[in-house]
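Chains here go by letter, A, B, C, D and E, matching the order in which they are written, and residues are numbered from 1 within each.
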Amino acid sequence: MTFDQILFYVFSFWFIASSLAMIFSRNAAKAVLFLILSFFSAASIWILLEAEFLAITLILVYVGAVMVLFLFVIKMLNIDKSTLRAKFAGYLPLGLIVAAIIIAEMTLVLGGNQFGLDVVAAPARHGADYSNITVLAMQLYTTYVYPFELAAVLLLIAIIAAITLVHRNELNRKKQSISEQVDVQAKDRVRIVSIASSSKEAK
Amino acid sequence: MVSLSDYLILSAIIFCIGLVGIFVNRTNIITLLMCVELILVAVNTNFIAFSHFLGNEAGQIFVFFILTVAAAEVAIGLAILTLLFRNKGTINVDVTNSLKG
Amino acid sequence: MNNTFTFDTASLLVALPEIFLLSAIVVVLLLDLFLTKEFKQVTYYLTQASLLVTGVLSYNLIGHPETIIFSNSFVLDDMASVFKVFMMGAAMVAMVYSRHYLTEHSLFRGEYFILVLLSVLGMMVMVSGYSLLTLYLGLEILSLSLYTLIAIARKRSGAIEAALKYFVLGAIASGLLLYGMSMIYGISGSLNISDIAAFASDTNLGSRETLIINFGLVFLVIGIAFKLGAVPFHMWVPDVYQGSPTSVTMFISTVPKIAAVAMLVRLLIDGLGSMHAYWSDLFMILALLSIALGSVVALMQTNIKRMLAYSTISHIGFIMLGFVTGVITGYGAAVFYVLVYVLMSLAAFGVIILLNKKGFEAEEISDYKGLSKSSPWFALMMLVVMLSMAGVPPFIGFYSKFFILQQVVSAGFVTVAIIAVVFAVISAYYYLQIIKSMYFNDAEQELSVAAPMDMKLVLSINAVLILVVGLFPDFWMKLALSLF
Amino acid sequence: MENIYLTIALAPLLGAIIAGFFGGMLGRAATHTITILGVLVSTVLALYVFNHHVLEQGAVFNQNLYTWMQIGGLNVSVGFLVDNLTSVMLVVVSFVSLMVHIYTIGYMHDDDGYTKFFSYISLFTFSMFMLVMSNNFMQLFFGWEAVGLVSYLLIGFWHHKESAVEANLKAFLVNRVGDFGFLLGIGLVLAFSGSLDYMEVFSSLDKVVGQSLWGADLITVICLLLFVGAMGKSAQVPLHVWLPGSMEGPTPISALIHAATMVTAGIFMVSRMSPMFELSDVALTVVMVIGAITALFMGLLGIVQNDIKKVVAYSTLSQLGYMTVALGVSAYSVAIFHLMTHAFFKALLFLGAGSVIVAMHHEQDIRKMGGLRKKMPITYWTGLIGTLALIGFPGFAGFYSKDMIIEAVHFSSLPYADWVYYAVVAGVFITAFYSLRMFFIVFHGESRVDHHTEEHLHESPASITFPLIALAIPSAIIGYLTIDPMLFNGWLDNAITVDAAHKSMSEIGQLFNDHGGALGMISHAVFTVPFWMMVGGVVTAWMFSLYRTQWAAWVQSKFQGINYILESLYGFDRFNEIVFVNGVKKLGNLLWKVSDAGLIDKMVVNGSARLVGFVGSVVRPIQTGYVYHYAFFMIFSLLIILTWALFAGDNPLLQIEF
Amino acid sequence: MELLSLLIWLPILGGGLVILVGNERADTARWLSVAISILVFVMSLSLYTGFDSTTHLMQFVEKASWISQFNINYHIGVDGISMPLIILTTFSTILVLIAGWEVIQNRPAHYMAAFLMMEGLIIGVFSSLDAILFYAFWEASLIPMLLIVGIWGGDNRVYAAIKFFLYTFLGSVFMLVSLIYMYNKGGSFSILDMHNLSLTATEQAWIFWAFFMAFAVKVPMFPVHTWLPDAHVQAPTGGSVILAAIMLKMGGYGFFRFSLPITPDASLQFSDVVIALSLIAIVYIGFVALVQRDMKKLIAYSSISHMGFVTLGVFALFLAYRPDNAEGALLGLEGAMVQMISHGFISAAMFLVVGVLYDRLHSREISTYGGVINSMPKFTGFAVLFAMANAGLPGTSGFVGEFMVILGAVQANIWYAVLAATTLIVGAAYTLWMVKRVFWGPITNPAVETLNDINGREFFILVTLALAVLIVGVYPQPVIEVMHASIDHLLNQALTSKL
């Protein structure tokens, strides 16, 4: 077993294990943490595949931002424990069987006959001068400029969506209106209210 | 050496874990969202593995966009989740079944 | 590493509609920020104007020779242009209807229109997408906008529930789609449709390659089936249709279907057309299941939106049958069907929206009781729509079914045609339920139409078109055929 | 001549139309004048035609008026065939009809439907003319049904009487049973001869001979089917049940339709078809036997009837039986002869009965009459003539015709002819018995009329008595006058064919000459069995009804079984009621409720709808509303599809090798 | 536009115009619609006068490209088979419109318009020479009828209307599939081309049954007849009239126009089955009719029974035909045609008769009535006449068709004729028994005493029908004459094997 393989199996183990732990976790916050763990494993695998940029992106963007967002929401809504009572019901066995069959079928398809080393040889490792980022960047801004623009649109949608949906209009905002302040007059400030005297009422 | 097949099978396993996670987990929606993330990571792994073995960067570029999309998706997903919580006071999937039949 | 990259600005002209629309979106978005409540209508008009201009720009590109730009990721052909024109038209009509709905239910917000524009942009990307990547991105732009549009009715738990279901299932579906794409990419080594097509149609394709392509194909088909709402990936459709604000339901049920068909064409026909033998069987099963389930389950519905959802599923089955045939005329039939379906669906939801008032959603079939008396004209319109959907001549719905059936029979699937028509008859039953409510029952409550004139006018034209196009369907059939 | 024939037919039609549509406007007098005028014209012309054809031996007229239908080589026309047979029928029909028209003035005097009645009887006359003048089967059938229609209308004329409308329905339906056979017979005629025209059919009969159908000779089948029609119209057992019921109608039509003319249509038809019937001994035998059964057993029923019209009705049935027997033994001209004499005397008897009924204020039960002789002399004497004619008292019309029938049977060589002979001879006794029984009870003895009626009892007006007298004359003498030319001197020869093998006619011709003609027959009568049977009948009737009335009751009590059978009319009505009316209703209900509404509609039609609904309601809950179910469904579908794509389908992608 | 087109579109557009006039101006709408229908009728008469009965070729032909994609043309024309049916249609429509004059107070303009439109559509059915055009008219004619039954019908109208629609719709979709199949085979939707299309035995069998589904439901034949009693009973009088008088004929017409010429061998092969079903319809339905308590239902069942003669006549041709003697076959075919026309008059009349009573007492139950003659003598006269016609009395049109078919059937197989001829008895039994219970006898229900006899409008309708019934009955030759050439040709087609 080569070092590559050892690394691969170790990371794979953690990847799978933490993923399983994530879906079976009863606590949402813990689940997020397991997910982060599995993302780390994934990133490691990606590095084995010489996709350094993406691995880093996964950690930085995903773990750093997206997962934190998850945690934030969980904490904000305070749903990490209160509602979490796992009810796997009868679906788990069925689900596992289905999953097992699918995995088996996929394995049949994706197995050594099709993608073994004898069929698809492992490429030679790039040298130290290889920069994954450069390579990607070169293409990203040339060949893939159109998708890149589209990604921008996507993010714009995400922004609009998040604001539109979650933002509560003028709920707790106090806005200053300078023109109103300038135009203000005494009668706007003082209101004279005539109150019936108590003596009259007594009668 | 690790074969392409190994990577693909790994991602298939993760993919299926993601799938199973979605329907065994009825506790809350946030876990569902995380399962989706898991699926996407599996797919990403696929792409990267292919990209690596093909010596073709297109797969990695694709992954880059998938990550972007996933991030946007999470944002919207969490927004919807927040709305759900505001409306129902819970994000338990069990109670969101007023539409059926 | 490809350093021969060239960027010809002139070639961007073929993407002018998209470019214009995106610019317009930005303008509207910014402008909307500064509009006070009284002027919110401006957003609406600007939206319509944007759609109109985009439509005109697209129209001008009809007949443009097929052009592929952006490094093989954007294609402009007649199908793209025609689809875009239709999408713009449909979206404009949908917006006319939406305005009434939004006003009545206090949902009138600038973001609504912006999200619609964004989703339209996404659809345009799908229509013109010529690589797996752009198709995927277009799909996501569309989907994310739609999720948001549904949830925009923030106070309605139904809408939120619908958004959530759509979101979760949609995410799974795009995960599946992506998985399939990864396989296609992995075996063909390219994301471009043209490369994939070249790879797949290689006569020397080995069994390994065939296996992997078809393995990926299964996932692609599922992804597309989900987007179309075909059985067994239809579960979201009824819930989303019912839960969403009606104007959004209308939108979801119409324009994106064109885009979904476009994506189908790009992926399965332009790309994997040579694998037709593999996917057509699958498609046929899904199509028949859709027709059957859509027809049968709709019978039990009392909510008209939910009923129309099942009806959509059934229609989708017919559309898919067109693709099963594997010949160009069959695809043309499917495209014709989808355009017809959009026309009918718009009118159907148009009538529903027309009856909407503050606090009254007109969602139950029983809400239509006595409509023929209180509003004979629009009852007639609904009658036309329902009969057209049921496939009764001389309305256009008949000709679309006829076209499909003709192709299916021509391809030798007579049994399939018979099954399809039997379920078409079954489905006629629930369309009749609405006619029954409108015409045969007396009103239980006062029904009045408060919609503005423009909506009434557009709706009338919309419904009358169902008849008129039905009387003269030739041009449209030819048009649909000319796209392939 | 064509115009004359047309006028004969159309004059009454015109009268009927005028009376029917404008009767109300024109008033009673104008209506009856017009209709009587119409029939009078017909009568005169009929006599002219009779003279032309029979006496002057004019050529047979056979011509089409217009093409009713032309299909391929088949031409179905409306046209007239006028020969001697037709001429005789025309005279009989028009004369009786004229008498009835006149009679009606008096009889229906108080009735609201006066004008309508005239319209009907004129219409009937027209229909009957069309029937007898027809030159083809289609038109024959037309007249056949048209007279049935009028009969239906007239039986139910007093539509407020439940029994009347029951009776007319029954009459129509029973006739329809006959028509059923008749129409099939016509169909077979067409099928095998290629034409519906009498002459063409008769001339192509050789094509039919030798063919077989249903294991029988084809010609036999055709004749029997046609005869079924005749049985319906001419009320032969077992299709006789409608005729007694038809007495619910006003008496004039009983006389006209249900005694003199319509019911003899069957006799006429068979005579007309003699070229066909002659080809089948089997058919003739059946005809003869059925006739004999009718003649004997229907006569028996006359004995126990107490309704004056019913007695006459059963006597009519019996006489129709005689005619049919004559047909069966190939004595067609004798049948027509009896038809003619019977028309006169039976019309006379009915009209006489009507006269009595009018006088009795529509009381028809003979037990409540008696001793009317003095109050109603004209009715009495004409009635006596009619009765004598009926029982075959020598010299009277009925004597000749009936005697000839009996003799013809005597000489017949058909199987069972001997039995039939006994039957018809016995029938003479019975006829005499019931006829005179009624006659004695009504006119003789002491009056049992209730006091109120008694006071108003008087002879009927002239419009009633005139027809009685006018009919009494031929009833008395027509037989004597016409027996020789009609039977033996070729009056009917150009219409009737008798096969050489059937010798009855020639034998009785021989006999007739041996006896010395018509006069000789009278003197020879006392040496014949039928005469003594008749005398016996008269005496018995006298004993039972006048001399020792208690004997009747004694006999009744002694022979309760027979009496029961007779009073229940052999159970035909009960049988029909149970088997046909109720049975058919039950069957109808069964088919409707169980098969149609239950099996087809509920189970198959609505059942399939329900099945769809059921499937829908089964499938629907899959849509649980839980998103994880949806996801599971999707994934499960993925599994199925993936498995299918990999291992199944036309192009399995993976072959698993173990 | 040429004559035939005018006949189709004038009523349809006229119906639109009547709708525009609106329910508020009911009288205008009524007059207008009656005027249009009379105009159409008069125009349709020139189809008869201008008809060349010596040829089987289509006349008054118009042809224009419609859907070029499928070579579908706006191709219309008439021959001796369709022409009488068109005139029957225009004739009946007038009566129906007049019959609905004051009876229909609920949305009268729409009512009139629906009938006008249906008239145009049905004329379209009878004159289409293009299969898809035919199908379009065929299905479209369901729509007005659906509404007529559903809006103006009786208590159970919704069930009846939907049942009617779905039943007939289900029947006809199979026809569509087979039309498409033939198009794919022969490249043309022209009916005349389809006549010449060569088809194998198996194909013919399938196509035959597909057509059979469509036409048998419409006729309706046993066992797919159960929609009819419901639809007839629930429909307003006018609806029942059109349904019985014309829409049922569409099924019979289909057998003439499609089944026989297109699938002659299959027609021969399955003629036994069809004849068996026809005979069941005649006999079985006759018994069912006998026990009905609802007048309309009774007449509805009687319609089924009478229409059995049509199918019997059509399909008996194979057995009735002799090489040396085509008369048996011709009798059957032309008898079927005459039966259709005559049934058009008689059933219309019968339903109108019931309608007259229903308008007065709002009951269709036989038991409600009794002794109607006492208060409505004139009306009773008509009723009895039509009842007699229904019972097939010679001299009325009802006789002619039955007579011809039975005569034809005898030549096919005597047993067919025996069974068919039972209608003489059973038909008379149910019709006259009803007449007896409704019109004759003493008055049992005091309401009957107060009935007013028919008014001028009703009199006009009934007298018109009575004349039609009698004229055709006494002198059917003019009706039969015009169809000779076409029927001869059809017979040839039916007897020429395509194999």
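Structure notes:
Keep in mind that, in the parts below, a contact is a pair of C-beta atoms (placed from the backbone, for glycine too) under 8 Å apart; a residue touches a chain by one contact, two chains touch by 3 or more.
Nothing here was measured: the structure is a model prediction, and the numbers come from that model.
Among the remaining chains, those touching chain C as well as chain E are D. Shared contact partners of chain A and chain E, listed by label: C, D.
Counting steps between touching chains, the shortest path from chain A to chain D takes 1. Centroid analysis (C-alpha atoms only) places D farthest from chain B. In this view the innermost chain, defined by its CA centroid being closest to the centroid of all protein CA atoms, is E. Of all chains, the one whose CA centroid is most distant from that of chain C is D.
Chain centres here are Cα averages; for chain A and chain C they lie 29 Å apart.
Each chain gets a centre from the mean of its Cα atoms; for chain A and chain B, those two points are 9 Å apart.
Note: centroid distance chain D to chain E, computed from Cα atoms, is 36 Å. For the pair chain C and chain D, the distance between mean C-alpha positions equals 77 Å. In chain D, the residues that touch at least two other chains are 609, 620, 623, 625, 627-629, 631-632, 635, 638, 642, 646, 653-654. For chain E, residues that reach two or more other chains under the stated contact definition are 166.
Looking at chain C, residues 133, 137, 140, 144, 147-148, 151, 154, 164-165, 168, 172, 211, 215, 238-239, 300, 429 sit in touch with two or more other chains. Pairwise chain contacts in this structure: A-B, A-C, A-D, B-C, B-D, C-D, C-E, D-E.
The part of chain A that touches chain C in the complex is made up of residues 109, 113-114, 119, 135, 138-139, 142-147, 149-151, 153-154, 156-158, 160-161, 164-165. Against chain E, the residues of chain D that register as touching in their complex are 66-74, 138, 141-142, 144-146, 149, 152-153, 156, 159-162, 164-166, 168-169, 172-173, 176-177, 179-180, 183-184, 186-188, 190-191, 194, 213-214, 584-585, 587-589, 591-592, 595-597, 600-601, 604-605, 609.
Contact residues on chain B toward chain D in their complex (touch as defined above): 19-20, 22-26, 32, 93-94, 96-101.
Taken in their complex, chain D has these residues touching chain C: 609, 612-613, 615-617, 619-620, 623, 625, 627, 629-631, 633-635, 637-638, 641-642, 644-646, 649-651, 653-654. Of all residues in chain E, those touching chain D in their complex are 163, 166-167, 223, 225-227, 284, 287-292, 325-328, 330-331, 334, 371, 373-374, 384, 388, 391, 393-395, 399-400, 403-404, 406-407, 409-411, 414, 417-418, 421-422, 424-425, 428-429, 432-433, 436, 439-442, 475-477, 480-481, 484.
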